[in-house]
Amino acid sequence: MSGQSVRYSYYPGCSLHSTAREYNVSVRAVAQAAGVELVEVPDWNCCGATSAHATDPFLAFALPARVLLQAEESGLDILAPCAACYGRLMTAKEEAHRRPDLVARFEKAIGRKLGPAPRILNVLEFLAEPKVTETIAAGLKRPLTDLKVAPYYGCLLVRPSKVTHFDDAERPTSMDKILASVGATPVDFPGKTECCGASLGISRVDLVVELSGRIVQQAKHAGAEAIAVACPLCQTNLDGRQGTAAAKLGEAFGLPIYYITELVALALGVAPGRLGLGKHLTNSLALLRQKKLA
Amino acid sequence: MAQSPVPKATRLVKKAGLGAWLTALAADNNVMAPVTVDGKPLFRWIGAGEVGQLDLAAVHTVNSPKGGVMPQTEPMLTYSAVQDGSGGKTLDIKPAAEDRPAVLFGVRPCDAAAIDLVGKVYLTGEFTDEQYQARRDRTTVVAIACAAPAKACFCTSFDLSPGAVRGADVVLYGRSGPGSVAEGDAYYAIAYTERGEAFLGGAAAKAAGVSDLPAGEADKLEKIVAAFRGLATPLGKKLGKVDVADKLESLFESAYWEKVSSRCLSCATCTFVCPTCYCFGVADTGAGGQGVRFRYWDFCKSPQFMLMAGGHDPRPAKKNRTRQRFLHKLNYHHNRCGEYLCVGCGRCVESCPVGLHLPLVVSDVRGLQP
Amino acid sequence: MPKSLALDPKKMKEAEAALRTQAAKLLSEGTVTVFLGHEEGWDGLPVPFFATTPEEAKRLVWNPLVAFNLAKYLLDRLTGEEKVGIVVNGCGSLALDRLLKDRRFPRERLFVVGIPCTGLLDPDKVLALPDEARQAALEGGKAEPGLFLKRCGWCDAPNPVVADVVLGEKVPEEAGPQQYPRVEEIEKMSPAERAAHFKTLYEKCIRCFACRNVCPACSCRECSLDQWEPLWLGKATVPSEQLMYHFIRAFDVAGRCIRCGECERVCSVGVPLMELNDKLMKDITELFGVQRPHVPADVEPLGQWTEGDADLEAAH
Amino acid sequence: MKRVGVFLCWCGSNIAGTVDVGKVAEQARRLPGVVHVEENKYTCSEPGQAAIVKAIKDQRLDRVVVASCSPRLHEATFRRTVESAGLNPYFFEMANVREHCSWIHTDKETATPKAFDLVRMAVAKALRNEALTRGSITIEKRALVIGAGIAGIQAALDIADAGHEVILLEREPTIGGRMAQLDKTFPTLDCSQCILTPKMVDAAKHPNITLYTWSELEKVAGYIGNFTVTIRRKARGVDETLCTGCGVCQSKCPVKVPSEFDEGMGMRKAIYSPFPQAVPNRPVMDRANCTFFKTGKCKICERFCEAKAIRFDQEDSLIEVKVGAIVTATGFDLFKVEKYGEYGYGLYPDVINSLQFERLVNASGPTDGKIKKPSDHEIPKSVAFVLCVGSRDEQKGTTYCSRACCMYSIKHAIQFRDKVKDGRAYVFYMDIRTPGKSYEEFYKRAAVDYGVEFIRGRPSKIFSRNGKLVLKAEDTLLGRPIEVEVEMVVLAPAMLARNDAAKIAQTMSISYDGYGFLNEAHPKLRPVETNTAGIFLAGVCQGPKDIPDTVAQASAAASKVIGLLSHEQMATEPMIARVSEALCSGCLWCKPICPYQAIEAKTITEKIQGKVVSREVAAVNSGLCQGCGACTVACRDGAMNISGFTNDQLLAEVDELLGASRPACAAE
Amino acid sequence: MATSQEPVIVGFLCNWCSYAGADSAGTGRMVQPTNVRIIRVPCSGRVNPRFILRAFQRGADGVLVSGCHPNDCHYSTGNFFARRRLLLLKRYLEYLGIEPARFETHWVSASEGQKWAEVVRSMAERVKALGPSPKLPSLL
Amino acid sequence: MPNLKSPLLVSGGPEKRVFLGEVDAMAATHVAACYQCGKCSGGCPLSFAMDYQPRQIMRLVQMGLADEALASNTIWVCATCYTCTSRCPRDIDIAGVMDALRFMARRRGFRPGDRNVGVFHRSFLNGVKRFGRSHELMLFVEYKLGTMRLTEDLPLGAKMLAKNKMAILPEITKGRAEIAALFRESARGAEKGGDKL
């Protein structure tokens, strides 16, 4: 596919510049290791997230459409590591075909024409790009042997599959494969694609604690030592809420929540100190030290 | 034909005035004239708006102007079913609508002669074709003498010439004489019939600035007309006078017909471009109890031409049909009317896709042993 | 324009000699009783010619003007037992193959002499040239691309596809997708413009049927357009019928046209008939994936279907 | 001149209410050829028909047009009427002014001219109608039944009992089909094998039935009364005439593979009979798994076969049979429940499908009738039965209801409760469908007598928690989310058309629906016939159904076959293709287009210009041709036509409609 | 003679599916515009593109061909051949200057009276919007 | 809220269909196809917190009970995880229906059935409108002021600030004029009622 193209447009989205800075760091670290250049979408804006599509159909299209428009010029495939951003961009791309009315309103409001959208990749797709898989195959500096990781996909990567066209909505395997490729042991668990509560993270803490708690619990019971995620919202919820949840359920979790890119970067030999693992609220360095990975 | 025709009136027409003349004519007449469509010169009915397309440069339009007096498709009558008083029905038949007067403008002398030649078929003898007669009666033929005959021209093989008058009411002769394709800035318009005389004196002519001959040009005119009439034709020179009518009497069964016909495509090109072919068929078209009966050009090269209802065909093969066409032109008609059914326009030479044409047959026949 | 269009009169001259010898041999040995070729006509242009003796075979010509596809003449010899010889170049062989695939002549009664083709010139255009230029083209092989037959411009089959013997060396072939620039131009017009376009150009038709009679895809015993019952086509020469004649005929040969352009070439009034045939060929490629729609196939494009054919209903 | 009579029906107010029939009559009188116009209140009534007969006689009519309802309703009626007056019935033509005009329009002003248009189109067509006569063909008195499940066996026995020969074809090693896999049948709970195996034996022993197992349909040529069928007899590896069915070969065979018959719940050998009561009792050799065919060594079976019946070198053979009728009873496949990722089939061993449950509960099955969990062979204390897995699901399965799952799942729940006295059975349903005799009672018994717990709600997810399977669902009657913990889950898969149904259909030139089920000629009035005359349908190949319906349909198909075979000759429809030999060029491009292989080349001789010559033309086999007319379009010569729908007739309709509906233009 | 100014749409309907579907629409009293005149043919595969050209030549404002759904043909394959021919024809007609909305093909089964009525309504609307079909000069 | 004890008068009036039609059009789906199997509710991670099960919302829409559907907390509790949509056997976009209902609720002036969620979405979009990007700290503050839930979650917020997971100052998109234009267009569309989902 992009065997020769080693540049991607990069849409970090708001989270990767704030609550998920370490995600940004690890994505860039993996890219660098693989010799891939990430070109940030010029003057990008927020995708609108759930708030837009939950309440405002036009903005739900228009905000991500502007991002696509900004990215258009470079002609490069877009990497959107945030699953929510990815979902919104994919939806906008699909709607651009289906809804000429929205496109017309958008173009009129903004005074520019919307061209054909480039390919949009989520982080798992990015990690399966030839350039990256080749790098992984070429040699792992620090295979994550014996590390039992539960791959957590959440909702927006695989649903609605008519929009994302990515993996199996019920039994996805792409992250499992990536984990295996860096030497970790993927742990199947029923919570793989359950929802963590996502956008309710601030407004309905009670619910998020409940949902996130169940997921962490299922992973723990399935024998996982850690959970890998590919979305800043998932990370925030599973990471930040597991303490409260554990107390409520009367169990002790302490399951580190890694971004999948952090694990890949580690395996590729990036120093743990460079990855900002300390930013995670649940201690994520102890496990690595225990496994002699840090 | 040996005698020189006698002019009834002579005028001068500025080339620049032709457009105005045709435009004025088109107001009251159906006007047919040579125009060029997508690179091909054609004789067509033109309206006032199409006058600008007039093109007198080509000696031969692809088709001849015979459609002017013998339309390729011509309604003969219309009919419709009407109820009679007793609940039954009866046919109401109306003759085809009368047309306006017609002017065939820019006709070459060969084509004008052809109109006269074919006219004899329709208008002489025991029965005359009334519809044809009516059409001829309202048609004025304005011919134009050929300043530079085309490669395939052989009118001179038939007592005709690039300046001939037969069949024309008016003939235009280029003021600068033959040889120049441009034909100078003006034409002498000479009327040879009363109809032509009236035509040149008509309102349209006046409006277009058709003027009397400038004083002193009568002599020049006579010389120029003579020059046109004396002009040789390229193929005519090669072919000489056509003289095969008698010889053909003995060649009906000749193997030549088989041989020469074998490359015929059985298409109608020669027939439909020929100014002297005049065969037609009759058909009806209609629905719902009303319709039109019309005649249309038919052609003897068609395998359907002689096919009879029971399936019998007196001319079953290309040999028979090809022989028929050439014998008709070169023998039968000559026997009946004393002249060949050909004016040497050369269109068959130019148009036949496989080079099978009348001069070829004439020259081949000359070489055949009876 | 294909590379093979390197007009080579010398080669043709050699081929002509070989052709005469070959035909004479076939006739004298009785392999064939008649040989279909060309001879020089009255005005110097080749005309179809049917040699029946070795003597006559000497009159055969092969030069840059042998534009006429001979295959159609086989229909005249459909009945009977005689064996027929014929000379074809690439496009001539496509015409022949068309008739063979349409079962309109038994292959076993045919002896085909093939000659690889380096391009042919348009006789009308060559005849109109000044003598010198004509000489240069015909004998020196110096011909502008515009002088070639239109079909040479899109030819991708200069070598005979059907032949019992081939005279001369194979010509390099260049197969690529067929181009239809004129069709694309017309497609860009508005519906009204297109309607006007076809009316202007097609009402010129004088209904002489030369296009049909020369067409190798039109080989019916009796053309249905000549039939009276049913009257597929009215006899009146009015624009409505003129256009309909061509519209029907083009669709009848859709998927069967060999793109020889003979219809257009023999048209005395210059109706651009290939605009219709080309459109249908272009669409057959686009819609049904037939890459060389002008090459006769064992199954006609319209005589088959696939489940994957675009669904018409979705088009509305 | 033709003399056309036009009869305009009022159909009470059905037509006259919206169409000014009088006005149409007045206009119709002016139409060319029309000599008689008459209005009737009800043309199809006795007096209406009598009026037609009278007018034909009095007015010497030779064409009759009735403008009334749809020809699909009364064309046959009026053809008989016309025939009774001594006129060829095909001189009759119909204008549909009720269904296509008066019933769909409200405005008399516009409906009346349209009605007249329809009438004059019919008149224009009628003027070109020709006298047609029916042909006749002889009937081969033998039937082929494809598929020897319960449907095929029943049909074969019925036909054979009526005295006709039957060839019964089965592609598996044994007859019996799906029913042989079942344990008990609802609602009577009688043993499936107990009622099936006697029929299997009957079929095998019936003097009129020839059985071909391990055989497949290769080709069908011909037409009703005269089919030629090619059958592929697959190499069995065993000489059936020598084999005694002793079973030693399979007991000695060292290879074990999952048994198809047991749905993978048990094992079989590489030379095997699917089950002990198989008919015929002859094993087949599974070459894909046989050690000899894999390595060239072994032949243990041959060594132990006393009858010397083992044939490693046997090859497939083709045989050809002639039959007059065909019954298709090719059965069904099951929906692959693994398509529901959320249900965990394939992930959790104790999630199984219903047919697997049948094998588990079957006394002659791999567990001897003990219901055991595949994971640990323990007896489950709780089982959930999930309905509609693949059925009624547009997103993951098929849209239709599979019709039998409710009943057999209730049966399963009862069987489970019967065998595991302290077990709990849950049935997750959306609607329980019990439209059969004693079905609803059976449902009630399950709930009341067996304590089966019915939960209305489609489970959303099945996952494992603490060694149990958890079904997450909503109890939709309570409106509350629930989780149900069980030890085993049984998914009731949708019944699907055979995956090769399209191929079977194409082999026989019959049509099939979007799901692959074979199409009946009419869903209500011709439910067992297909659109290809002489081919009939029985069982699930036509659509999901249970055993009683399958057997009923099989007997219905058999009775159609018996009716057909009871005649020596049969009449053929004359509205079929015909060739004008004079026009035909013999290109034969029509041939590949014909779906019935009804067109062949034929050599004719004729005189052309005095010479006798022979040439090839297309010829239509009137027995095969069904009159579709696809050939006519391929025929550029215009030589091919469909009687009753000729080019001339159809063009006349177009011309009549358009030629005069517009003001006539003046000539050019 | 009826000289209705309403556009005329010629409908070629296969006997088994679409004609029966139009009957169902009738039986169900599904009111439709009066523009369509139905010609019954055995199968959509019987519809010669020449019929359609003829209809337009004679001044039809629209032509509608309707047959059984693909795979549902009474004669098993007729509509597949029709689909090919008519697909090519549709593009061809468009090329000849006939607006695309004037020629449509639909698949309507015997039970789809509702669909048939909708097909008639929507096509009539589209054709009306286009105005009368241009007709070339002819004798009639 | 109508009295649930009194029988619901079901009449043949068109209003019922009007609401169903609007929801269908906005969500580009067919709610009438729902046969109430409950698979949506069964799989919904948040159904336990809803006053109506998602299935019941479908029923309310089918029956034209707009007020009850739009006032429910269900539509605000829904996290739009699409589990329901991806499993619906009738291929109804249930999550899309929830979007549609939220939008209609806002347009018709219903107070969000879950006030917190409503305020959150408003605060979030306000941020985007102002800066082009969302800014967690400001969002946090605005939301806290909007809901007056001043103390909840402070520990987590503090932790995140401490770990430098929240920026003090917002990032700003330069093309704010364009963003503003988009928000204006959105408001214009909503006024005209021309919005479809």
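We call the chains A, B, C, D, E and F, going by the order they appear; numbering starts again at 1 in every chain.
What we mean here is this: a contact is a pair of C-beta atoms (placed from the backbone, for glycine too) under 8 Å apart; a residue touches a chain by one contact, two chains touch by 3 or more.
All values reported here derive from a predicted model rather than from experimental measurement.
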| item | value |
| --- | --- |
| Set of chains adjacent to chain C and to chain E | B, D |
| Labels of chains that are neighbours to chain A and to chain F | D |
| Between D-E and A-D, the pair with more C-beta contacts | D-E |
| Innermost chain, where centres are averages of C-alpha coordinates | E |
| Far-end chain from chain F, centres as C-alpha averages | B |
| Maximum centroid distance from chain A, chain identifier (CA atoms) | B |
| Centroid spacing, where centroids are CA-atom means, of chain E and chain F in whole angstrom | 46 |
| Distance between chain centroids, defined by C-alpha means - chain B, chain F (Å) | 85 |
| Gap in Å, rounded to a whole number, between the CA centres of chain C and chain A | 63 |
| Residues of chain A engaged with two or more neighbouring chains | 169-170 |
| Chain D, residues touching no fewer than two other chains | 342, 461, 582, 593, 647, 651, 655, 658-661, 664, 667-668 |
| Chain E, residues touching no fewer than two other chains | 1, 49, 54, 71, 77, 81, 85, 135, 137-140 |
| All pairs of touching chains, each written as two labels joined by a dash | A-D, A-F, B-C, B-D, B-E, C-D, C-E, D-E, D-F |
| Complex interface listing, chain D residues touching chain B | 29-32, 120, 124, 582, 609, 655-656, 658-661, 664, 666-668 |
| Residue ranges of chain E touching chain C (in the complex, touch as defined) | 49-50, 53-54, 57, 70-71, 77, 80-81, 83-92, 94-101, 104-107, 134-139 |
| Interface residues, chain B side, partner chain E - complex | 73, 75, 285-288, 290-292, 294 |
| Chain C to chain D touching residues, read off their complex | 78-80, 102-104, 219-222, 224, 227, 229-232, 238, 252, 299-300, 302-304 |
| List of chain F residues in touch with chain D within their complex | 35-44, 47-48, 52-53, 55-56, 83, 86-91 |
